[in-house]
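Okay, so chain A shows up in both of these, paired with chain B first and chain C after.
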Partner chain A sequence: MGREVSESCIDSLLTEMVSSYCNRFYANKPELAARRIEAIGYQVGHQLSERYTMERPRFSDHLEAIKFICKDFWSELFKKQIDNLKTNHRGTFVLQDNRFRWLARMSLDPTAEEGVPQDPAALAESKAAQAMSMYLYFPCGIIRGALSNLGIPCAVSADISNLPACEYPESYVLCVVMHACSLCSNGHCHGQL
Partner chain B sequence: MATTASFIIVSRNDIPIYEAEVGSATKREDAAQLHQFVLHAALDIVQDLAWTTSAMFLKNIDRFNDLVVSVYVTAGHTRLMLLHDSRNDDGIKSFFQEVHELYIKVLLNPLYLPGARIASSHFDTKVRALARKYL
Partner chain C sequence: MIVCVAVVGHQSFTEADDALKLHHIVHCSLDVVDERVNNPKKSGPTLNETFLGLLYPTENYKVYGYLTNTKVKFILVTTDLDVRDVDVRNFFRRFHAAYVDAVSNPFHVPGKKITSRTFAERVSNIVKSFGLSST
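Let's turn to the complex of A and B:
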């Protein structure tokens, strides 16, 4: 079970999946499309976590499982580890990846909007950011599925930002925020994409 | 030499998703559900023991008359439980590892819902073949 997949296939599959769900299946309902994509990611995460934990001992607590996600799981999926892990010790974890591989070949085109009267730069940027955020639901679902399978129900949300001065002009910093679902009772934790 | 062995896979929600009588002895009619009963009763013990160790293979966790229960727990808290009367620990461990691999293959099927019954006859055939080989 150690075979590999071509990276361009993964990129094409993700692009096509987001495009199908957003433009064909749920044409004017981006929230529903997002939920479906996240649900696909959930099942994939479930399967992948079972597969990648096969050879190693089980986890004794939540922190071990999160470290597994940051190191082994992230390496299997994205060929690198998480660059920064922060926690508030009350159930919220922030994972930061300085060069998120699945978005590495995407660029924002700020000149795409024509004839927009006021504040064209900000408007175009927010529309582009919204389009970009659709591509983050799948990885969030994968992480949520993997953690749920390891016994940690959680909510996962992701955020992207450009590095201010970086060598790779098209690299995005991905911050994934997770918090354990015991805080979920008010329903407000499925946050901010 | 006839061996009794009963194998069951229990998901993380404590629902059995697969069961098979893999021993070579014939099933007794007067105690038809005895094996399932003993395995279910052992679930409580597995629950306690699973948190004390990070190994996957928990050896003999319970016994009933001359039958012994061995359990293998995966990271996703799926329990593979075997009720048997032999003492072949290494064979049982290899059996569990091979069934674990088969289980992951079933799980990777996108049409299989995690937590549902495993109805694949292919899986069934392979598990019985492994049982004949290792037990």
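Let's turn to the complex of A and C:
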């Protein structure tokens, strides 16, 4: 498929992108940084969806397009398929990846000090979780861009959790929630979940 | 001989001689594309294909259509009378590859006309080799 780039380059680029937008361009304005990063992801997703749908027959309905995202598109980006897809049949889909590759080399370190009272530890952990969540805006943007290019405008958000009992103890479970407005029967919906 | 190749997304961009007449042909053929896509009973087994085939022959021209998953349409207008199906499919496949590369340019604004010279060169190469292979 042409030229390829090493994965560590992608990791470094993403880390630096989040760092630049959060600490330099929009320091102390995490919402603006998040919106900017998501917009970059949107454009990338738009372009990638053109490329990855090239040799394929056309999708017959929206579910086919979403399955494409879960299987082929996810494989191209993250080298694996989605592990679980759920829907409420009213326009909301939850995609679950049990071992999200782009966070594989990151660790949350909530145990900064030992013997610290509960509150500061919880605070540190939520700060770390918030920092971690900045890395999710880019993949969310990619998914939103790809879907909107396939004719499904939607709102995408993501959540991570660390399941110690799961097969890969050091991995993060990524849950992506997609709300496709066109599939929603609620006429007044504006992407609210 | 290929007279015109058009890429139609939400706006149309065409590369042609005798622009007005060909614009007219391309616009008419877009109606046929929409009709083909929206009437599944008529299309039958070709519904899910990207290649829509011969849209309709007019006067001296033949018009072929191709629809991508991202709802971008390619229209090919040719004056050749004996064009093989497989040649046109080949043409569209290579054209699609060139289009994807042009659109992947980070400086390209989606929805605007493609201004890449590389794309123009690739397309004219594909057009030239189309003429050669069909003889």
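Structural remarks
Here is the rule we go by: the second predicted complex is superposed on the first by the 167 of 193 C-alpha atoms of A that agree within 3 Å, B and C clash if a C-alpha of one lies under 4 Å from a C-alpha of the other, contacts with A are read in each partner's own complex, and residues count from 1 in each chain.
Going forward, a residue touches a chain if its C-beta (ideal position, glycine included) is under 8 Å from a C-beta of that chain, and two chains touch if they have at least 3 such contacts.
All of these numbers come straight from a predicted model, not from anything done at the bench.
Look at chain A after the overlay: chain B and chain C clash there.
Of the two partner chains placed by the overlay, chain B and chain C both lie in contact with A:49.
Look at A:15: by the touch rule set out above, it reaches neither chain B nor chain C. Residues 43, 46-47, 49-51, 53-54, 56-60, 149-151 of chain A lie in contact with chain B in one complex and with chain C in the other. The touching residues of chain B, when paired with chain A in their complex, are 12, 50-51, 54-56, 73-78, 100-101, 104, 107-108, 110, 114. Per the touch definition, chain A reaches chain C in the complex via residues 43, 46-47, 49-51, 53-54, 56-60, 65, 149-151. Interface of chain C with chain A (complex): residues 47-50, 67-72, 96-97, 99-100, 103-104, 106, 110. Every residue of chain A that touches chain B in the complex is listed here, in rising order: 1, 43, 46-47, 49-51, 53-54, 56-60, 149-151.
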